[in-house]
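Chain naming follows the written order as A, B, C, D, E and F, and within any one chain the residues start at number 1.
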Amino acid sequence: MRITVHRKAHFNAAHRLFRKEWDDDRNFEVFGKCSNPHYHGHNYELIVSVTGEPDPKTGFVMDLKILKELIYAEVEEALDHKNLNVEVPEFKDLIPTAENIAVVIWNKLRNKIQDGHDLEVTLYETPRNFVSYKGE
Amino acid sequence: MRITVHRKAHFNAAHRLFRKEWDDDRNFEVFGKCSNPHYHGHNYELIVSVTGEPDPKTGFVMDLKILKELIYAEVEEALDHKNLNVEVPEFKDLIPTAENIAVVIWNKLRNKIQDGHDLEVTLYETPRNFVSYKGE
Amino acid sequence: MRITVHRKAHFNAAHRLFRKEWDDDRNFEVFGKCSNPHYHGHNYELIVSVTGEPDPKTGFVMDLKILKELIYAEVEEALDHKNLNVEVPEFKDLIPTAENIAVVIWNKLRNKIQDGHDLEVTLYETPRNFVSYKGE
Amino acid sequence: MRITVHRKAHFNAAHRLFRKEWDDDRNFEVFGKCSNPHYHGHNYELIVSVTGEPDPKTGFVMDLKILKELIYAEVEEALDHKNLNVEVPEFKDLIPTAENIAVVIWNKLRNKIQDGHDLEVTLYETPRNFVSYKGE
Amino acid sequence: MRITVHRKAHFNAAHRLFRKEWDDDRNFEVFGKCSNPHYHGHNYELIVSVTGEPDPKTGFVMDLKILKELIYAEVEEALDHKNLNVEVPEFKDLIPTAENIAVVIWNKLRNKIQDGHDLEVTLYETPRNFVSYKGE
Amino acid sequence: MRITVHRKAHFNAAHRLFRKEWDDDRNFEVFGKCSNPHYHGHNYELIVSVTGEPDPKTGFVMDLKILKELIYAEVEEALDHKNLNVEVPEFKDLIPTAENIAVVIWNKLRNKIQDGHDLEVTLYETPRNFVSYKGE
């Protein structure tokens, strides 16, 4: 009997999309106003989903208080109120698209989640644009 | 051609999380303020999802009016404005975590849904904490 | 130049609506299933709104971090995961309707908010039922 | 490494549910007030989900600006502010249930999406009734 | 001590915006695709707000169950799943803009609400377009 | 008969809160992590509300298509995907708090709105923090 538990969190960050090897015109052509060199930002909404068997003693797949603290320690401390391009090492050579941010978050959380439990992250960049990744 | 139809419903209930074999300290250690002996409560939001082939005559996988009535009769009548621990027989010996409530709801609905149709339930305990279960 | 700043918070609680002087039948007649003696509960969503002149030095009517902490200390600590009828002194002789909870919250916050600033509270008992009170 | 990107859109349309071969009584029996001959309508909310490998150069599974334009050209231009029964050729002999509208939208988009990418559409007819289809 | 209680409801309807004295070109110029002669439709979300003194016996400004039934009887029965232009007498000579629908709803409810209580209606035509009216 | 029409819009931007005359420590003390010199950002949600008499010919207080275009031209073009501190002249000597951004938006729109119509703007910096301003 496998159940999925989900926890919602959020963080605010600045970013810009650009590829160092390309000049400003090429970046603007590909990334549009998201390549603005002065940055722009988002309220990122994050859903972390963990699938596994509930513990027969507690009825919990995973204590959501612990998941909440884990998201705080691993994700919010690292990304909240940060400039992703400048201050977050994972994006030194990786463009902070929603896709790549989701993969970075998944990697930060994966080895903190119990073996045998599945992990998926869904990241809203805006209420209309979002991505999901489950490590496959 | 398989399509999923989803119906959203809600109910309000009181509960507490505690394990009879454990004393109050142990319960507080595991369940925190959710173990408050005087109960607390939630507006539970429920999404019931049924997957199957649409009927070629009606274009419906399942008439959502019927699904609405089914959720009312099987779930809302049983759980709405109730104290889950005290008044709902399924939780006599089962801790009413979101995970367990989702399984109880799935079991209540499964044999009312057409054979060959898949069933999934998603249950929001709060806007930030939710679970999903599809009987696997 | 008067601006209103709003801060959203939430808490979960159990309650029942009943009037001690009335018997169960009369209570059920007036309050319906909300009078269930075993309690039910809600995820209360709260919006606290403060109106005043922004401070020319900070551009803040009121620092929302401070308002957040104030709501936590005065409202969430007092009401979250509580049984309103049993554990909250203000409801010893006051029925915990949404209207009365809103007035209790307003009274708890009023003297912590700067003189000359106006205060309004909006309280969602469910996504479809809510109340607002501004102390008039 | 497969990631899903999602884009939300909406359109408003009128429709009625009825089967030409059936008389009004039979239609009312099956479709209830949705069979009203004078039509009624909805704000349809649409989520289009595309799954594939991110492009290593851009970090995009699919540029969401392009997906937005594609949804506009293929779905909104065809369905927004339209009477689905009268003005949309696909529903000449197909009842515009949410299920069928989702399949029609999926078919409109499928051959515009890169081969090897998976496509799913989720369509909200109301905030409480919605369907999803992934072409299986 | 005056408190406002709010109740949310919804209904689905078809309409078109056009002025009989104007030809189709003029109507299209003023109302755009909202003047489509085959109609389009919306999920209207309605908030009804009643302001007054709470009853000291019940703690209610107005029993929200009664307000819910009143909205059902006066508004939903009259407008839900209807074609506003064709089937609702109030719009025989009145264009069913969101503004006018809000006024019609306010007028339907006003004399059912206790004297001395204030009434306001807020009507969402789409999640981005809405109107409010308080009879002033 | 005065009615309020509301139109919702959004824009994404980067900002930081700091006062030039203060050193970094003092800025951090007052503005916390919002003073991060590398900026952070938000998805700002904006509601623009215009109150007036509906035009008896059209039933509109103000054509919402025109209001939508006005918000696009005056607000989104100026602020979307911008660094408020660096690229928006109004914030050269004004701290871009939500309060001040709301006032700047109100001033941009006021003289484009018909005389005699009232104007209010509500600005969400996050789903939990928002401000409103009506020019009083």
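Just so it is clear, contacts are C-beta pairs under 8 Å (C-beta built on N, C-alpha and C of every residue); 3 or more make two chains touch, one makes a residue touch a chain.
All values derive from a computational prediction rather than experimental measurement.
Put simply, the chain farthest from subunit F by mean CA position is B. Farthest chain from subunit C (centres taken as the mean of C-alpha atoms): D.
The interface at A-B recurs elsewhere; of B-D, D-E or B-C, the pair that shares more than half of its residue-numbered contact pairs is B-D.
Relative orientation of subunit E with respect to subunit F corresponds to a rotation of 120°, obtained by superposing CA atoms and rounded to a multiple of 5.
Taking shared numbers over all numbers used, the subunit B to subunit C interface scores over half, which places it in the same class. Per-chain CA centroids place subunit A at a distance of 41 Å from subunit E. Between the CA-based centres of subunit C and subunit F the separation comes to 28 Å, rounded to the whole angstrom. Residue positions of subunit B touching 2 or more other chains, listed in rising order: 127. Counting only pairs that meet the touch rule, the chains in contact are A-B, A-D, A-F, B-C, B-D, C-E, C-F, D-E, E-F. Those residues of subunit D that touch subunit E in the complex are listed here as 10, 12-15, 33-34, 36, 38-43, 80-83, 86-87, 126-127. Those residues of subunit F that touch subunit C in the complex are listed here as 17, 19, 30-32, 94-100, 102-103, 127-133, 136. Interface residues of subunit A facing subunit B in the complex, by the touch rule stated above, are 1-9, 54, 57-61, 63-65.
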